[in-house]
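What follows is a pair of complexes built around chain A, which joins chain B in one and chain C in the other.
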Partner chain A sequence: MIYKRLTTLMLIFTAVFIFSSCGDKKSSGPNISEDAASRVYVPPGKYDEFYSFVSGGFSGQLAVYGLPSGRLFRVIPVFSVDPEKGWGYTEETKPMLMTTHGFIPWDDSHHSELSMTDGVPDGRWIFINGNNTPRIARIDLKTFRTAEIIEIPNSAGNHSSPFTTENSEYVVAGTRFSIPIKEKDVPISSYTEKFNGTVSFVKVDPKSGNMSVAFQIMSPPFDYDLSHAGKNASHDWFFFSCYNTEQAHTLLEVNASQKDKDFIMAVNWKKAEEYVAQGKAKDYSADYYHNTYSDETHSATSEVLKTVKVLDPKDCPGMIYYIPCPKSPHGCDVDPSGEYIVGGGKLATVIPVFSFTKMLKAIEGKQFDGEIGGIPVIKYEAALHGEVQKPGLGPLHTEFDDKGYAYTSMFVSSEVVKWDIKKLEVVDRAPSYYSVGHIMIPGGDSKKPWGKYLVVMNKITKDRFLPTGPELTQSAQLYDITGDKMKLLLDFPTIGEPHYAQGIIADLVSKNSVKIFKIGENKNPYVTKSPNDVKVERKGNEIHVYMTMIRSHFTPDNIEGIKLGDVVYFHVTNLEQDWDIPHGFAVKGLMNSEMLIMPGETQTIKWEPKEVGVYPFYCTDFCSALHQEMQGYIRVSPANANIQISFSTGK
Partner chain B sequence: MKISKKSAIMFLTLTALIFGGCKKTEYGIGPVKDEMKLGAIDDNLIAKGKEIFNLKCISCHKFNSRLVGPPLKDVTKRRRPEWIMNQILNPVEMIQQDPVAKELFTQYLIQMTFQDVTHDDARAILEYFRAVDAGKITPAE
Partner chain C sequence: MKKISKILIIAAALSLVTGFFLPLWDISLEAPQYPEGLGMKIWVNKISGDLQTINGLNHYIGMKTIEPDSIKELSIMPYILGFLVITGILTGFAGRKKLLAVWVLIFVIAGIAGGVDFYMWEYDYGHNLNPEAAIKVPGMNYQPPLIGSKELLNFVAHSYPDTAGIIIIISGILSVCVLLFENISSRKLKVSEVKNETKVEKESIKFTADKSVRSGFIMQQ
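Coming up: the complex of A and B.
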């Protein structure tokens, strides 16, 4: 009896254990830090230690989060319109989104890259690529606004971009999609003969940051995926991963996965500069837009450029080499010393690590396996430092800490693997929730990583957060990497798809942050610097309202004499000179967006009233105790009315 | 002896309090802590002050009538120059702590804004006020 009872009890216990284990699938994970809450808690009023800049993927924007808290501070509009801030809606910002295809209200932003000085992020600018309609944007970190967007000619799918050299001499742009470049209208089946890839080197002015396409290199029709610049001894070189060396143009998931090895393309950009200086580049005619935003005029201007210099590797010996890399590589990452180049072969069972020293020796000793399109292919073993064996499934992207370790994301096995760069041994692994893509350690692709945190950006969240219908939030996860074991600290939701990120110690950026624009220095052609100067002007059927705003009124706030059929431009200047006092502007029937106007700034919105009536306008950004009183009226009369323009405030 | 020592200390403390308090009320609270010695009205400074006033202050202030803030005519007769300077340079703290500014706030109910003016800018604005109050200049209103 006793024995039977014991057996029954044991059975019950076992059953309870099994059921509770099953129900445990939503646990935080096996390696959560015991003091996680206090490690990510930033007390009210205190600042985070790091800024992180996480691209929004398909949202086309760039989000700014604090680390370790994961708090969202700002979404910087870049390649997509943003009604919240008027980006792409105000007359001043519209030119920023102009391209040879016309005004494009949306793009797909993938990779953020901080500007560098001596191989270390300097906190001046951050670059980001427009993937769909190829462009590179530069964001000024004094204002956290997009300062410049340049279109990349002869390009499609600007993916391996905008990675930068050690002193941001260049940012690069490599084509994911090869396209016909010389003749445009060709059969798709002529892919191998008529299609080409290009990699573009975009010069960055060291003072102003202004970008210009210095030269492009015509390359075989592979898919150029990601890239990173060399460091120290490898300073003169840039490395690009490429897949689809099979040159498939249909069903790539099968046809571009045939070969065991694709390539890492090593480009000696100093050599390329020499060839350009020698006149080896040909001028190709190609229209492309260059849009710049001025903090003096508070407005953007577009110029259309007409030619670009193109180098053909056949004319430029010693400029490019291919290194075989298993298999369909994505990440192409250079360690802090500049000696090791890590390929992240999505379909590979190993992580190959190449040695820059060995690569140079192989080139010197001509250890080649033939050539493709005039580009020598270095023997795999000749450039190889070694392989990390059995790292996991789907190695994708590698970042580095300051202690000689590399961290590689594994998309398929949904984990991050920590390994010793010299010994090529895996020392730790941590699961991600779920399907990790890119990862980020602040400064983790630079010469001096701040090896304290690792941010993991996931493609799928499934059961990690409260559900919100079919579309769920995407997320990033924060790990403590100061010890031997990676420890999970935090999950935090992100905007769009958190595709790729950069991080920097906060002081390098926060100390330069602009608080206001000086009203005395405002050079907008439509600025009104004093309520004495406000006016309403008619030019044919255009009405120009020159208006000022300050807590808590508009000048003028009563306007009459507008007629149906008029197009009204509100040129609104915020006269505040105090930090954090933007004002908003909206008028009933506005068909584009509200405006958000910073202290000392002028912005313009176009309004076309459709009916006779008196329309209220008001401040949309809560500004003061009397924000609700910050309002006015504009009267719209019939087209044939005999009413003169008049305007006033306080009368 | 003991008592007189105590009394002396109390007397000194009270004096300090009274004088300190007086000084605070007259000068207001802000970067201008020492007495300003004003000379004759400087014509060049008036022009500068007028320009800054028209750029940064005129949205809310007239001289002869109330707009958002109080009318400014004779302000240099009502207040000490140090107080005017501090109100321009440190309006938030003034309205929180200075008794006169606090009283004005109960009438006008609107926090005066700091308009990114330097000490020199504020000095020029003060000169413009002095010129208006001396009848040297009459603003168009």
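Coming up: the complex of A and C.
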């Protein structure tokens, strides 16, 4: 009897033990640093050491986090409208989202890339690509706002973008989807004859940052995936990975996975510049939009450009070479020295590392395996430095530290692998939760990585956070990489799908951050610089309200004489010159969005009232003790009413 | 006047020129939501700083807008300062003790008058409030301190001389000292004649320490 009871008790204990240990295993994982909490803790009022700019993927935005805390500071609207800020809704910002397809409120923003000086991030601008409707945006890090968006002609799926050369001479764009370029309306089955890929070199003005498409290079219909510029000795070169060299146009999952090797395309962009200067480029007619936002006029303007210069590799010997790379490569990453080019073949069982010096020798010695579309294919072994054996499954993307190590994400085996670049030996591996895509070390794709932290951006979240129904948060993880072993410090949620990120020491950016716009320098055509200058004007059925806002009132705040059928434009100027005192503006029945107006800024929102009545408007951003009192009324009368325009405040 | 006194008076007069290039007075405000600081600087002919922000905040408690254009002192002060510089240099070159006494007197009076005027200006801004103000605290006035710090609702106001103000004050003290030194040295001569040196020396120390006696002393001269 006693034995039986003891046995039952033991069974219960065993069961409890198993269950509890299961619980432990689920919520943490190995390799957690013992001092993880203190390593990521940034005390109240203290600053993070790094800014990180994490792409928002299908949100079309760019998110700014602090490292090591993982705290979210700001979501910068780029390719997608943002009703919170009025981005894409105010008259001033609408032109930023204009394309040849019309106004587009969304895109898929994949890769963020900081501007560089001497191969090191300089903290001036950050570029990001729009994948779906091919575009590149430049964000000004003085204001953390999108300053410019340029559409890329002759392109589809702008994926291998917007990586930049050592002094941001160029940012690039490469087609993930080849398309028919010369004739547009062709059978899909004519893919191999009529379709082409292109890579574009977009010139960046070193002072203003303004972008212009300098030239495009026509290529066979491969799918260009990612790219990186050379450094030091390889400064003149740009490397693009590509897949679907099978040239499939259907069921790519199978048909584009047949060859053992695809390519890394090496482009000598200095040579390309020479060919353009020699007049080898042909002018193609192609409409594309170029939208710029001015901090002086606080408004955007669009121009439509009509031609683009296109180089054909057949006419340009010595400009482009293909290097075979196993298999369907994604990442195409250049180490800090500029000597080693690492391919991340998603379906490969090794990580190939190419040597720039060997590549040049192979070109010199003409060690080619034929050519494709006029582009010589270098012999694999001739350019190869070596292969990392058994690194894991699904190598995707490689970043570098400042101690001669490379870190490669393994999507399929869900881990990060650290390896010695020269010896090609794996020295450590750390699991990710789950299925890591891209990774980021601050400065990790530059000449001088700040090799302290590694951010891992995961594709799958599953059970890492409290569940939120079928749609879960996206997630990133932070690892300490200062020691021999990578140590997991932190999980943090992200917006959109975090495809790619950049990190930079905070000082380089924070010192330039703008606090207010000077009202005296406001050149918006609809600015009102003093409450004494406010007015309401009728132009046919257009009503222009020139309004000011300052704590805690609008001038004017009583407006009459609007008639049904009128289109009302509220041109609202925030007169504050005080740090962090934006005001918001919304009127009942506004069908687009609110406006959030920074100190010294003017923004305009269009309102078309649908019914007769008196409509309240108010400040939406809690600004002061009398924020609730910051309100007004606008009266809308019948179309045939005989009521003149009148306006007032405090009467 | 002794040579050293002449040099010191010319130096004191010349140092007043800094008043044309540097601020005289600094008023700063401290509050939790202004970690970056908030304040204004008074110059001989203008007021700089976060005037617009301060005006914006002050309207809640009904204070008048600070508008440098309507402050007449700002148009007068440059002339007073210029007058002191020129007459000071002339006094130094002339080297006459009576002229020195007159110049120092004008200087001291101008200083005191400036202080009184500043106080009255502050009093007016702090007390003369709009009865329709949104925030009314019974018995509260918002007069900033003449010199020192004072709590005004959620702000702590600090009022202190700025660089040029400090230089002008030092210049004033120096001028008074020169005047005293000149008088004592002449008194010494007289006293040594009656061989009663020690007693008067003590007296002279007392004079330098006591400002109120000092001005009376000047008058007697």
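Everything below uses one rule, namely that the second predicted complex is superposed on the first by the 625 of 651 C-alpha atoms of A that agree within 3 Å, B and C clash if a C-alpha of one lies under 4 Å from a C-alpha of the other, contacts with A are read in each partner's own complex, and residues count from 1 in each chain.
To be clear about the criterion, a residue touches a chain if its C-beta (ideal position, glycine included) is under 8 Å from a C-beta of that chain, and two chains touch if they have at least 3 such contacts.
Remember, it's a predicted structure, so these values are computed and weren't measured experimentally.
When both complexes are superposed on chain A, chain B and chain C clash. Of the two partner chains, neither chain B nor chain C is touched by A:Pro470. Within the superposed three-chain model, A:Gly279 lies out of touch with both chain B and chain C [touch as defined at top].
Touch counts on chain A: comparing chain C and chain B, the chain ahead is B. By the touch criterion defined above, A:Ile550 reaches both chain B and chain C. In the superposition on chain A, A:Ala625 contacts both chain B and chain C. Of the two partner chains placed around the shared chain by superposition, chain B and chain C are both touched by A:Glu576. Touch criterion met: A:Lys518 reaches chain B, while chain C stays clear of it.
The superposed model puts chain B in the path of chain C at one of 6-14, 96-104, 132-140 or 186-194, which is 132-140. Shared contact residues on chain A (touching chain B in one structure, chain C in the other): 550-551, 576-578, 624-626.
Note for the complex: chain C touches chain A at residues 36, 50, 52-53, 56-57, 60, 134-135.
Contact residues on chain A toward chain B in their complex (touch as defined above): 516, 518-520, 529-532, 548, 550-553, 555, 575-578, 581, 624-626, 650. The part of chain B that touches chain A in the complex is made up of residues 54-56, 58-60, 67-68, 109-111, 113-117. The part of chain A that touches chain C in the complex is made up of residues 515, 550-551, 576-579, 624-626, 629.
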